[in-house]
Amino acid sequence: MYSLAELADQFGLEFTGEAATELTGIATLAEAGPGDLAFLANSKYLPQLASTRAGAVILHPDLVARSPVACLVAESPYVAFARVSRLFDRSPPATTGVHPSAVVSAEADIHPDACVGPHAVVEAGASLAAGVVLGAGVYIGHDSHLGAGTRVLPHAVIYHDVWVGEQCVIHAQAVLGADGFGFAPGPDGWEKVCQLGGVRLGNRVEIGACTTVDRGTLGHTVIGDGVIIDNLVQVGHNCRIGKNTAIAGCTGLAGSTIIGAECTLAGGVGIVGHVEICDNVHVTGMTMVTKSITRPGSYSSGTPMTCTRDWKRNAVRFSQLDSMHQRLAAMEGRAKQSDKG
Amino acid sequence: MYSLAELADQFGLEFTGEAATELTGIATLAEAGPGDLAFLANSKYLPQLASTRAGAVILHPDLVARSPVACLVAESPYVAFARVSRLFDRSPPATTGVHPSAVVSAEADIHPDACVGPHAVVEAGASLAAGVVLGAGVYIGHDSHLGAGTRVLPHAVIYHDVWVGEQCVIHAQAVLGADGFGFAPGPDGWEKVCQLGGVRLGNRVEIGACTTVDRGTLGHTVIGDGVIIDNLVQVGHNCRIGKNTAIAGCTGLAGSTIIGAECTLAGGVGIVGHVEICDNVHVTGMTMVTKSITRPGSYSSGTPMTCTRDWKRNAVRFSQLDSMHQRLAAMEGRAKQSDKG
Amino acid sequence: MYSLAELADQFGLEFTGEAATELTGIATLAEAGPGDLAFLANSKYLPQLASTRAGAVILHPDLVARSPVACLVAESPYVAFARVSRLFDRSPPATTGVHPSAVVSAEADIHPDACVGPHAVVEAGASLAAGVVLGAGVYIGHDSHLGAGTRVLPHAVIYHDVWVGEQCVIHAQAVLGADGFGFAPGPDGWEKVCQLGGVRLGNRVEIGACTTVDRGTLGHTVIGDGVIIDNLVQVGHNCRIGKNTAIAGCTGLAGSTIIGAECTLAGGVGIVGHVEICDNVHVTGMTMVTKSITRPGSYSSGTPMTCTRDWKRNAVRFSQLDSMHQRLAAMEGRAKQSDKG
């Protein structure tokens, strides 16, 4: 339980209303009760402010006058909400120490503060720094290193020669360091190219559930500091992703894609291999990126959803677009001629 | 082994042909032999009926006269096939009891009838109702509950505070309750928003292999009774999916998507966040849903496949569509003018 | 360490330069040092040849004259590189024997040469041939068979009745044999169709991380010899994939898709169910395949990426394509009339 004044003090915010207001939880504007803190960060939800029953609301200074309840005033209400949310985190604490069912190599280097969950496996040459937490069934391959404070959730698999920085979160079933998709077309079928590189993750990287980051062929696949990646994302071999870039779910990066810093890729984006995307690029959902992007900005592809009957008609015409273009040009030519004539 | 008359009796169907016909297996029209039951539910396969060697066929009353062999007559042959298929299921039986290699908290509540496979982990506060089966290596987090008869296949991971109803099936590597993709853009990079909600699944829900259902930020992610979800599907935080909706593979739902009841989403669909889809909506494969849908019906987007050479020509013209439209309008204007002149 | 002459001899290649040149590693043209072997297989990297510091380069006979360093001369430099790469593979060796923490049924048939990693589970009736390696936590279901030399990486799950050929590689978190997505629309919701078939993989198949191959409904899902499949790919029930076909990441095949031999599907492709694709078909990234393909060649769909502002304008016009087509036809009709008049 926190008082409004305590929260304001702890997060360096101003407040309005009763300093002693007690807040025991955090909830949406619509669902919050008198003991809850709510927040308003998206103007879409502004209409809910007037009728909120929250004990207090985190909001922007411009909206204080419109709040029926106490306020925590923040220039960036969403960032303030993110910070306050940590106080109310109900995640269960990690068990401490190395669980007796874990299989840890005598040649692994486990910091005394690190936790290793049941049935986890840590191979020779691997190291876990202070505060590392491995969930149940996590696998850490040979010579892989996890930096201080990094948490790996149940059943994530980290192959050999994968270095993860500090304060990272690797979610369940994620796979770091599987072989890149490298095969040469030989006379009797595909010949595998051994994937000799590793994976290097910076600090404060988050990797979603069932996301795969392949190891490099020669040299490493590299993910920069502060990169956040959602679930079911594929990062091909030798990709390089710059600092603070965010990648939403179901996106796929083919091999050797280079992405700059501070980019955002929405969900379902696909990027062909060997292209380069500069800093500060934003790609909308399901866009097919087939060439390099050299200027910051927002990029898109795809066609809008309509009812299936209309879509079918228009989709047929797509196959005739080039011929339509030529017919149009021919008409324009005739018109020009008749003008002259 | 079943006689034709037994099957008819058990499933409440009429039959034609010899009551004592013995059926020991189930197979397609094309591959069935004299001891097999086949079925005809899709008119595409009608041509195979005349030459089938099956012992008997499940089919619609209108087709009985065209069958060369005995029939089980059903208004809905596919539903009848679904029910009969259970008799021939060869899935291995679950092992019974708690395997000695499993790690089960003393503070978990395990029904005496529940089965816990080798290397499974059940945390404190979790409960398994009667008839629950956990496969090898399954992880059940703190305070998560599984209803009666629910089966969890090997290595699925269920985080803390996830409630699963009765008679559900959770396939291998599925992840329920990983953190939603919530981050606020702070001055020094992304700041994580703690994901404080849980996941709530109704009864008779099926979740495919490697499918991920994220926990809610505030409040829960909710999946209704009878929902079926295929493999490699992403369900973002705070999504709500209505009763009996079906979602095919590789589909992604961004956070806070609300989907009604009795909908079908085909494979590879992408839905942007914060939209609402009403009941009885059908979305065709790979459609990009960028806005709410308020009327039942079928919706689509995308362009049709052609040979790459033609596609390239038409795709270039797509980038000129707006200018083509303006040129067309200009031509129409000129024509109107000259009509008047 | 290898001398240039040794490598040439071992792989049946010619060489230029000093026979005794010592090579201790393998690296890209740009990053190689005097002790490294590099390769040039993609003309995109030809400009890097002149300045390479590599000890030797694998390249095509036509380029030998342009190399500043020693050469290994190969008609197919990429295939030669693939073969040489095996010499430099740093993958850790498999542990030998059956790890004491593994749970292996007394009714499983384990070749004395096979390795079973920690916490792996092998059920009754399963068999592992000579040289099979199961990583940590791998699950092998009842009556499943793995051919000689097949490797299964940590935590992959293989259900019952799945046969895998020889020399296959199954990456972490892959799932072979989960239930196909088969449900009949009954009066009270979806009724599950039991998935009675299995999965059959040929020899030298590679399955990527988090890829799912569903079991057949009746009959098997079949993957031919030499097929390579990347990460996060969905293969539906009763698909059949021909010899040496390659499928890149994030692609989805709906049920009963039949794909010929020697095909390539790029990343993010979607294929609707019940279609057939002939041999030697190549499908570009993110293509939506909605019908059968009966002629070899390259196929595509989708629209090109542009900046979001331009895209929005053109995407709106897509919804007007059929009406544009009609307006164009009307203009052409008028023009024809006025020609006659």
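In order of appearance the chains are A, B and C, and numbering begins at 1 in each one.
Here is the rule we use: contacts are C-beta pairs under 8 Å (C-beta built on N, C-alpha and C of every residue); 3 or more make two chains touch, one makes a residue touch a chain.
Predicted model only: the values in this text are computed from it and were never measured.
Q: Could you classify the subunit B-subunit C contact as same or different, where same means more than half of all interface residue numbers appear on both copies?
A: Mostly different residues.
Q: For subunit A superposed on subunit C via Cα atoms, how large is the rotation, as a multiple of 5°?
A: Superposing the C-alpha atoms of subunit A on subunit C needs a rotation of 120 degrees.
Q: Distance from the CA centroid of subunit B to that of subunit C, rounded to the nearest Å?
A: 25
Q: Could you pull out the residues of subunit C that touch at least 2 other chains?
A: 101, 119, 137, 155, 173, 210, 232, 250, 302-304, 306, 316, 318, 320-321, 324, 328, 331
Q: Which stretch or stretches of subunit C touch subunit A in the complex?
A: 26-28, 31, 41, 44, 76, 78-79, 81-83, 85-86, 88-92, 99, 101, 117-119, 135-137, 153-155, 169, 171-173, 204, 206, 208-210, 225-226, 228, 230-232, 243-244, 246, 248-250, 266-268, 285-286, 302-309, 311-312, 315-316, 318-322, 324-325, 328, 331-332, 335
Q: Any idea which subunit C residues touch subunit B in the complex?
A: 101, 103, 119, 121, 123-124, 137, 139, 141-143, 155, 157, 159-161, 173, 175, 178-179, 181-187, 189-194, 196, 210, 212, 214, 217-219, 232, 234, 236, 250, 252, 254, 270, 272, 274, 282-284, 287-291, 297-304, 306, 310, 313-314, 316-318, 320-321, 324, 327-328, 331, 334
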